[in-house]
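Common to both upcoming complexes is subunit A, partnered first by subunit B, then by subunit C.
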Partner chain A sequence: MNIPNSSTAPNANEYAGDEVSAIVLDPGYSTTRAGFAGEDVPKSVCPSFYGHIDSDSSPQYFFGENAIHNPVPNLEIKNPWGSDGIVEDWDTATKIWEYAITSRLTGSKPGNPGKNGLNDANGDDMDIDIEGLENMEKPLEESPLLMTEPGWNSQKAREKCIEIAMEEWGTPAFYLQKTGVLAAFASGKASGIIIDVGASITSVTPVLDGMVLKKGVQKSPLAGNFVSNQIRMIFKQSQPEIPLTPHYKVASKTQVDAGAPSQAIYKSFEIPLMESFHRHEEERVLTEFKESVVEVWPGPGRFSNGTNEEIAKSQPGRPFEMPDGWNQVFGVDRYRAAEALFDAGAALQDAENPRPKDEHTIPRLVQAAIQQVDTDQRPLLLQNIVVTGGSTLLYKFNDRLNYEINAIYPSTRNKLIAPGSVVERKYAAWIGGSILASLGTFHQLWISRKEYEEHGVNIVEKRCK
Partner chain B sequence: MASGRDVRDMLGLPAAGDGQKMAVQKRPKPAAAVRKIQGVAREVVALYGERPPPVAVYEEKKTYRAKRQSTGPAKKWIQQPFMNQARNDGLVLKHWRRKPTATQSGLTNGEDTAMEDVEAAEPPLETNYDFAKFNVGIDIPVFTDEEYDVHLRSDDWSREETDYLLDMVKEHYYRWAVIWDRYDYNPSTKLEPFSRDALHGDPNQALATLPFAPSRTRSVEDLKARFYDISAKLMKLRIPEVQMDASQYARYEILTKFDPLLERNRKTLAAALMNRSMDEVKEEEFLLAELQRINMAANRLDAEREELRSRLEAPIPNQQIAAGLASFQSSAALAQLFQQLFQQDRSKKRASGTAGGPGRLSLSGADIIGTPTAAQHAQMNAAANRRQSLAQQPPPTPIRQLSPQAEYRFNVSTHDRLTSGVTFGADKLLKMRQAKSNVQTQKIGTALAQLGIPDIIPIPTSRLGEVFEALVSKVGKLLDVRKVREKEEGECRILEAMKERRANEAHGHAGHNGENGDANTGDGRGGTPATSTTNHREIQDSQERDEDAEAEADADEDGDVDADADDDDVDAEGEEDEDAEGEDIDIDSQAPSQSARHTSEAMSTRVISQGHKRSASVFSQTSNKSSKRARK
Partner chain C sequence: MPPFKDEQIIIIAPGSETTVAQLGLPESFTPARIRVRSRMFPAEKEGEWEPYKVRRRSDKPEMSAPAHDAQGAVLNPANRDDDDIVYEEDRVSEEGAVWPIQQGRIVNWPCFFALVTHVYNTMNPPFHTPILLIAQPAWAPREHERLTQFFFEKFKTPAFGLMDSALATSWAYGVHTSTVVDVGRDKVDVTAVSEFIPHIQGRVIALPECGGEALTNGLLAKLKSRGLTRDMCEQLKKSPICELLPPGTPLPGTGESNGLDRITNPAAAASTGAPGSGPAAASAIGNVPRGPGADTEVGDDGNGDESEGVLDVASIVAGGKMSEYLARKEKEKEEKAAAKKKGLEAAVQPARPIRLPNAKREKATFMYEDHFLLDTLKNMNLGSKGMAEAQAALDEGPQKKGQDDVDGEPRSAIDASGSADMASSSSRTGPIRREIEVGVERFQADSGGILEKIADAIHRTISSVDEVNKRSELWDSLIICGNGSRLRGFKEALMVTLQTKYLISPSSATIFTSEIPSNISTPAGTGANTPQPQLGPHGGPSQVNPLLLAATTAQNPHLMPPGSNPLGMPGMSSHNQHSSHGQTPTSIKFVKPPEYFPEWKDVGFDESAFLGAQVAAKVIFVVDQGQSKGYMTRPDYNDQGPMGIHDYSL
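Up next, the complex of A and B:
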C-alpha cells in the first residue's frame, strides 16, 4: 500500500485509464508528432518537411531533423501537405509518418530499414524489397493507432488514412479524431471553442461534448507561415534592406555593431543548392525571429488606430542577431508582423502577398464559428476558448485575442484557456489523443481490423464522427 | 521570550491572576501525572503554560509512510489480452496486468505450478472487461408501423425522415445542438415518389421531390417539436395519463407543452442579448450599479433609523467600567474598550454632522436620485456612500436562485431550520414507523409489511423520505379509519340486536332471535359469513314484516354513501401508485363493511345520522392526530 500524495502518479483506476500501448499520431504541417498513449509528451516529433533528390534512376528521400538540414546538392525540401490543410502527397506523407513512428517508438524491426526510405540509395534493392514486403512485419502490428485530422478533412482523406493504417502498417485497430476535440480534451474540456493557429492554417472549431459542430468549423491561411512572410516583407521593405542569411551559409562570424553590415566568412558551394532548401533554412531563422522578437499588439484597440503606434514607439525594442552576426534592435516594426492576424488591413502587401481577406482574421473566424452554433450553447463555448498551436506562442497573442473577443461579445463571460507550458500549447492535440486512447472506456470505439475488412474504408465515416 | 502570560493574553484566555485559584485547585491533579521532561521538550512544555495545547501532539516516533513491503521477488507483469464485451467484433487488445501468482493458480491446478514459469505459456484471454459497464445506451421511443400510421403521421414529416431523426437522436444522445449540426437528411428513394407524383400530375410536389430541390433546413425547434410530439404520443399510448406517476407525468407535461414558436422567440431574444454592443452592456452595468447604490442607501437609512430608535432607549450599563480599571488589564478587554469608545465617537460625530440640515432621517435628495442626468453627482455620492457603508456592513450577498428543475437536478434542498450534526436517513425512516403506542407501532408495521415495504430501505434518499413520510401518514389515517369503522360496527350490531329484540317481542318471537343477536354482539365483529347471511335473511324477513323498517328503506343508501365516503377520503389523498395498494389493504376491511352495510339496512335514520356525525368528528380528530405525527 502506498499512501497517495501530490507527487505520486495517479493510479490508472482513478482516472479510468487502461493502456493498451496504443500509438497516437498527430500529423501537422510543420511537425509530425507521435508517441504512446498515456504519456504526457510525444516521444517523437519529426519535421513534416522531407528531402528529395530526384534522379532518373531512383529518387532519394530524406526524413528527420538531421537529414533535411544537410546542404546537399540537388536536395529539394518539400512538404506533403496542400495549402488547404489536407494532405496532397499521400505516398510521401505515409513515409514521413511511418518514419515518425518507427524511428522512436516501435523501433526498427528487421526489414524495416529497407522500407522507411533511409536506405533506398541503390535501385537494385527494389526487387528484394517487394519480395520481402509480404512476410515483412508491419510497423504497427502490435499497436492500435489513434490518428488526428483537421476538422475540415475530406471524406477521401479520411478513408485514405484508415487504408494506410490498416493496409500498410497493419494496425489491429484504428481511430480518427479531430484535432479540435483532442486539444479541448488536453485542457480537460469536453466543450469549447478551439482556436488553433498552426503553421499553414488557422482554424476555429466549436466542440460540444466531445463532438465537433461541423457547420461551425472555420479555417484561414493566416497562420505561422503567413507571419513568416510578413517578416520577410518587413526585412525587404526596411531601409536598408535587412539581409536574411540562414545558418548553413555561415562558416564563422564576428561581432559587429547594431545595424552595421556583417563581417562573416561564408561557405561556398560548388553546385548551388536548391531554392526550396534555402527557403526552408531561412524559415528556421524566421521562426527564431518569431520566438524572440515579434510581438502582438496587446490592445486595447488596433495597432494602426493612430495613437497606439505612438505608444508602441515609446516601448523598448528587442534585439535580434542574424546567423552572420548582423544585428539590430527592433522597435515598432516588431508589432507589424502579426497584426494582420487580427486586422487584415494592417497586412504588409506586395505582388506575391495580396491583402488577406477580412473574414480570415481570427476575430472574424470566431464570430463566424459562434454564429453557426445553437444560441443556447454559445455562452458555454465562449467560457471555454481553448488556445492551441505553435503560433499562439507569439508574445502577447493571448492578450490581444482576449481583447478582441471581449470586444465582440461584451455581455458574455469569455474565458481563454491557454496552457502556459510551450509543450502543452504546441502538442495539445497529441496530448488529448494520448489521454483519449488511454481511457478504458475508449477501447470500444476502435475500428478493428475485422470491421475494416467487413465494411471497407467508408466505415471511418460511420464510426469516427 | 514571551511568557505564558503573554501568550494567554494574546489568545484572550483568562489572565494568570484570575486563573491562579483555578491553578491551585488543579495543581494536585497534573502533579501526579507530571514527568520530568528534559531537553528541548521541556522548553516546549514551558510554552504551553498550564494547559496542554488543544491539538494532539504525537511524541512517538511514528512514520507515516507505509513501509515498502518487500516480500519475495519482484512481481511479474504480463501483457494480458482482453476482449471488450461492449464490442461485437471480438477485438483482442492487450493491457499490462499483474501476473497471477503461483499460489492463486496453484489452487486450481496443483502440479502445474512449474508450468507457470514457462514464458511461452499464453496468458488466458480476459473476457470480462471492467470498462464495458460504462457502455450505456439511451432509450428511444419505438413504435410499430400501425402505431405510426394511426397516431404519428404528420404532413410535414415522412416516415423515412422520422426514422432518420430518431436515429440521429439515438446516435448523439439527445444533444440537440449536435443533432441539428449534423442533421442532413436527403431522401434516398427519390425515384419512386417522383414517378408516382408524375402520374398524379402535381408539378409542385414533383419538383419538391426532385434530387436537385434544395433540401429543407429544419431548425432545432422543428426537430425537437417532432421528437417530443412522437414521444408524448407514444408515452400516452403506453401508459394512460391517469396511471402515470408523478415523474412520468412531469415528463409528459414537458413533452406536450413544448412550443417551438415560443422557443424560437426565446432564442432570438437570447441571441440579441448576446449580441449587444459594448455601449449597451455598459449602460446596463451602469443601471445595475445605480440600482445597487439605491438599495444600499435604503439599507443605510434603515440602519440609521434603527440605531436612532435603539438610542432612544436607555444605554446598556457597562459592567466593566463599574468593575474599575483593574478590568482593563488584558489586551482583549482593552480592545473591547477601544471598540466601544470608537463606536460612541462615531455615532456622536454623525449626529452632530446631520444636526443642522433636514437630517439623515428624512430622505435627502441625493439618496433617491438615480437618474442618469444627475449621474456625476450621484457617482460622487455613491463613492462616499460606499466608503461609509463599507465601514457599516457589507451588502448581503445575493443567494443564487435555482429553478425547481435545476434544484431537483443538482439535489439542492432548502431548509427552514437545520439541526446540527449528521443524521442518517435510515434513522429518520425508522422514526416515522414508530407511533406513540406500541400497539399502533405494530399496526403500522403490519400495514407496511402488507404493502411489501421492507424493514430496512436500502438507500434512504431525502426524496424517498418524503414519499415514505406521506405513506406512513396515510397508513396512520387508514388505521384510524379502520378503528372508527370497527367501533361503529359494534354499535350498529348492538342497536340492531336491540331493535330485533324489540321487534321479536312485538311479534312474539323473542327467544330465538334474541340469542342470535347476543351472539353477534358478544362476538364483537361481523362474525362468520354464515351467521351474517342468516342474519341478513332474518333482517329481510323482518323488513317484510315490519312496516316501520320498510319506510326507512333509503337508510340503506345512506349507509352505503357513508361507507363509500370514508373510502374515498382515504383514496382521494393517495397518489396514483399507492392508490392500488391502498385498495389492497381495504380488501380485508371489505368483509366487515359489507356486513355493516347489511346490518345498517335495518337501522333507523336517527341512529345513522348520529353515527355519521360522530364518525365525522372522530375522523377530524384522528386526522388532526395523524397530521401532528406527520409534523413530528
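Up next, the complex of A and C:
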C-alpha cells in the first residue's frame, strides 16, 4: 500500500483521473475561451458580446459569432462585463459561457436519455436513465470545471462563479484560478510579473511561487478598447474627417485615389439599426486597422521626445483601405494611437475622452506592482516578465515595453517573456489552465460537489487562494 | 504489410441531405457508390426505423413489389399480417420522413444511428473493415466520442477514424492551406485550413439560413404568388435553368412586362397543406380547403382558361376529377398548337428564345416531378393497373414529349434534366413529370442576401486567423464545395460579391513613393521572410527576386513595367506579407480542382470531401501502415474508451 504524496498520480476514480477531461473556461471581455484540459488551444473561442432584441413579449438573446453580425433591426449588441473588469450582468454571462461550452465542446444537451438512443447503443442498464433524468438540464455534469478570474476579483463574484458552476451547470468539481498565475504557468514560470493587455483592462500581476501577491495587482483601463477610441479620435480629428464605414453598410466599393472620397454603393436599411450594433461592426474595421497599420513607437525615448516625430515622419507610411474604398497612407498618425499606453500625455483627448491618468500607463503599473514586492524578490520577478493579452500583439509593442522597463530598472537583468506564437500570447491564461488541470497533482485541489454542499459558496475563498 | 487492404475500407460521409458511402477504394478514386437520402421513417414499433416508407395497401398480394431501382439494396419481404393488408416499401416517397441531421448537427441520435446502420448494411461488408467517418464541423468533441462508441460497439469495427470535412476537402484539392466554404442544405461552414490544420477558433460553423434550403426559400418567396409550391421551387433550383447572376447583372427583360401573363392563376391551391398519410386522409383530401379565395377552387369547369397555371394536380386527382382535368389539358394543347400555328402564319416570330443562353432568356421551363401527386395516387389504392394508367396519363415527361413538340417550348433545359432521370427511373413507378414555366424569378434565389452573408462569414473567418501573414494565402485559396453550391452561377456570383466588397485595391499613394511596398517584408535573419522567386501556379513572369524588383522599380517609377505595380505582383501573393502589416485580401482566387481524377471531373467537385476522405483513407489505413495514428484501433478503444478518439482523429 503506497501512500499518496505529491508526486504520485491520484487514484483514477478520485474526483477525476487524467481520463476525465476537465473543462477550462477563461472568460474575457472580448472573447470567452473554453476547451478541454490537456489540449494546447481552446477549442471554443466565442465572442463575449451578445445580441439582444428587446421586444414587448419576450426578449431574445443571440449568442455566438454567427448571430451578432446580422444587420437586424432592433438588435442591440451588449457585453456583460463591467468597465472594472468584473462581470456585471451575471445572468447573461452565464448564458454566454454556457454557450461557449455547449456549442463546441459538449454538444447540445441530449434529450430524454430514455429516448435519445445513447443507451440503446451501448446497451447500458437502466440506472443511467434515472440518473440522467434527474440532471437532464445540467450541461456540465460529467466535467470538472477550472475557471479563471482576474486578480482583483471580488469575493462576491468568486462565490457567484462557484454557484453557477455547481448549481446551474452541475459540475462535479470546480476550481478557480487567477489569470496571472495561469499565464505564468503557460510560459513555464512559477514566479514572474505578468503584463496582460486585454480588450478592456490592462493588468500587472506579480506572482511568486504560483501565488498572486494580491496587494501588488495593478489594473488600468488603458487597453485594446482604449486604443480603438484613440483611433476613432484620429479619424475624427483629421482634416478632412476620415469616414469610418463598417462592412455591413457597403454593397460594393470602387477603387478611388488615396484620400479621395469613396464612391461605394451603400445599402439602405428601412429601419435604422441600433447604435451599439453599428459600433460593434466599426470595431471590426478598427481591429483590422490595428493589425495592419498601428505601430507602437519602439523607442528610444517617448514618441514626443526630441526628434522622434521627425524620424517617424521619414518612415514609410502604411496604406489602409476602408470597407467603402476610401484609402490613405498613414504616416506619423499610426504611432499616435497606442502611444498613450506608455505616455499618458500623448493621448488624444476630447470631451468624452479625458486625459488618462499618468499612473495608468503600463510602465507606471509595473513600477507600482514591483513596489509592493520585497526588495530581494524584485530581480527574480524582473527576470520573468510575462507578456500576454491580445493587445500586446500591436506591432513593436514589446520593443517599447523592453525599452521602458530598462529605463526604469537599469541595474537589474530584465527579461521579457513574450511567446512568439500568436495563439500562445492570446490564450496564455487558458493554456496555463489547461496545463494545470491536466496535472495529476492538481486533482487534490478540486473543490468537489460534496465539499461545496457541505460548506456553501464561501469555500471558494478558503480553497482558491 | 499494411494492416488493411484497399477493398476493405469503408468511408461514410453523412450530410443533412445526402449521406454518401463506399466500401473499398478503387484504383482511381470515384464518386461515392452509395448515395442515400439522410432520412429514415419511423417504423410501426416505437424506436425502430425503416429506410423507406412503408405503405399499407389493401390490395392483392401479387401486385405488391414495386420495381427495385435503388442500387443494390435488398428488398425486405413485405410482412403480411393477414391476407388483405399488404405492406410495401415505397422508395420514392418522403412522406413522414425524419431527417436526423439538421444544420450539420445530429438532432435525432437513434434515427441517425439507424441511418448509419442502414448504410452499413447496404454495403454488406465483410469482417475486418476499417471505417473512416467524415465529421461535420458542427459535431462537438463529446459527440465524436459518442460516435466512436457506437461504431466500435455496434459494428465491431477493427479500426475507426474521424476526419473533419473541411480538412478532407483540402486533402482532395491537395493543398495545405485553403479556405473551405461548405454550402450545405441549410447551413454554411467556413473553415480556414492552414498547413493541414483546420483553424478551429475562428471557423464559422453552421451559419444558418445560407444553404440550399435558403435558396429554395428565396425562390419560393418570389414564386409563391404564382402558385408554385416549395417542392416545385426545390426542383426548379436543381434544374439547369435556375441560375445566380453576379450581383449587378441586369435581369433579362427587365422593364418589359410582355408575356408575363401566361401563368394567370395567382394562387391556385398553393396553400394546400400536405395532408397526413394514410387512406383516410387521402380520401379526405378533396375536402380540404385549398385556396385563399373562392375563385381558386380547382377543377371548376367555368374557368378552363386558367388551367395552364393549375399546379396542384394532386388535389384534383384526389378529388376524383382526373379525367376532366386530362380532357381539358388535351383540349388546351390542341388549342395552343393551333394558336401557335396561327401566330406563326400571322406574324414573324421574334428571335426564338431557344438560341439565347439561359441568362438572357426571360422565361424558361423545367420538368417538375410531382412526388406529392404520386403519393396521392398511391394513397388512393388504385391498384397497380389503375396506378400505371393514371401515371401514364398525367406524366408529361420526355417519353410523351415527342407528340407535344408542337408548342415549341425551349427544349434544351428539359432534355438535360430529363435524360438524367430516365436512366434511373422505370417508366411504371417513375415520377410523374410536368412542365412548369417560370420567368426571371429563377435568377433571384438570392433574394435573402445569402451570398453577402457567406461573403461576410468568409471575411470573418479569415480575419480571425491569428497568423496575419497566412491570411493572404487563405484568400488566394478558396474552395467552395457542398451540394448547396451546385446552383448554376453560385460560385461566380459569390466571387464577384467578395471582390466588390472586400478586395483591397493597391493604394495609389504608395505606388510611386520611394519605399518598399508595405506588403513586402524585410527579410529576417532566418531567411523566413526572404521572398523566393517562384514558378508553378504562382510563377511570375520575372525570374529576378521580386523584392529586388519591387525595391528598384518603386524608386524609379519609369523602370516599372507598364501595367504592373509592386503590390499586385505575381509571385508575391502567397507568403510574403509581413506579419501584422498589409491588409488582406489583395487578391481572391479559387483553388483549381485536381485534374487527375477523371471520374470526379465529370460530376464536379461539390462532394470533394469524399474524395479527400478516399485519399486520406488510402494514406492512413494503407500507405503509412498505421504510423500516423490517423485512426483508432480496437485495442486502443479497449484501453482508452471513446475518449481516446481525440488522440487519433484527423
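Here is the rule we use: the second predicted complex is superposed on the first by the 420 of 465 C-alpha atoms of A that agree within 3 Å, B and C clash if a C-alpha of one lies under 4 Å from a C-alpha of the other, contacts with A are read in each partner's own complex, and residues count from 1 in each chain.
The working rule: a contact is a pair of C-beta atoms (placed from the backbone, for glycine too) under 8 Å apart; a residue touches a chain by one contact, two chains touch by 3 or more.
Keep in mind the model is a prediction, meaning the values are calculated, not measured.
Which of subunit B and subunit C touches more residues of subunit A: that partner is C. By the document's definition of touching, neither partner reaches A:312: not subunit B, not subunit C. When the two complexes are overlaid on their common chain A, residue A:284 makes contact with subunit C while staying clear of subunit B.
In the superposition on chain A, A:215 makes contact with subunit B only, not with subunit C. Judged by the touch definition given at the top, the superposed model places A:422 against subunit C, while subunit B stays out of reach. Shared-chain residue A:412: touches subunit B; no touch with subunit C. Looking at the shared chain after the overlay, A:41 reaches subunit C, while subunit B stays out of its contact range.
Using the contact criterion defined above for the overlaid structures, shared-chain residue A:21 touches subunit B and also reaches subunit C. In the superposed model, A:373 lies in contact with subunit B only, and not with subunit C. When both complexes are aligned on chain A by C-alpha atoms, subunit A residues 19, 21 touch subunit B in the first and subunit C in the second.
By the touch criterion stated above, subunit B contacts subunit A in their complex at residues 64-66, 69, 84, 86-87, 89-96, 129-132, 134-135, 171-172, 175-178, 180-182, 220, 267-268, 270-271, 273-278, 280-282, 284.
Listing the residues of subunit A that touch subunit B in their complex gives 1-3, 16, 18-21, 144, 172-173, 208-209, 211, 213-216, 372-379, 407, 409-412, 439-441, 443-444, 446, 448-451, 465. For subunit A in complex with subunit C, the touching residues are 19, 21, 36, 39, 41-45, 65-66, 69-70, 102-108, 110, 115-118, 120-123, 247-248, 250-253, 255, 257-259, 284, 287-288, 291-293, 316-321, 323, 325, 327-329, 393-395, 422-423, 426. Within the complex formed with subunit A, the subunit C residues making contact are 47, 105, 109-111, 113, 139-143, 146, 149-150, 153-154, 200-202, 204-208, 247-248, 453, 456-457, 459-460, 463, 466-468, 500-502, 504-505, 507-510, 513, 515-516, 518, 580-583, 640-641, 643, 646.
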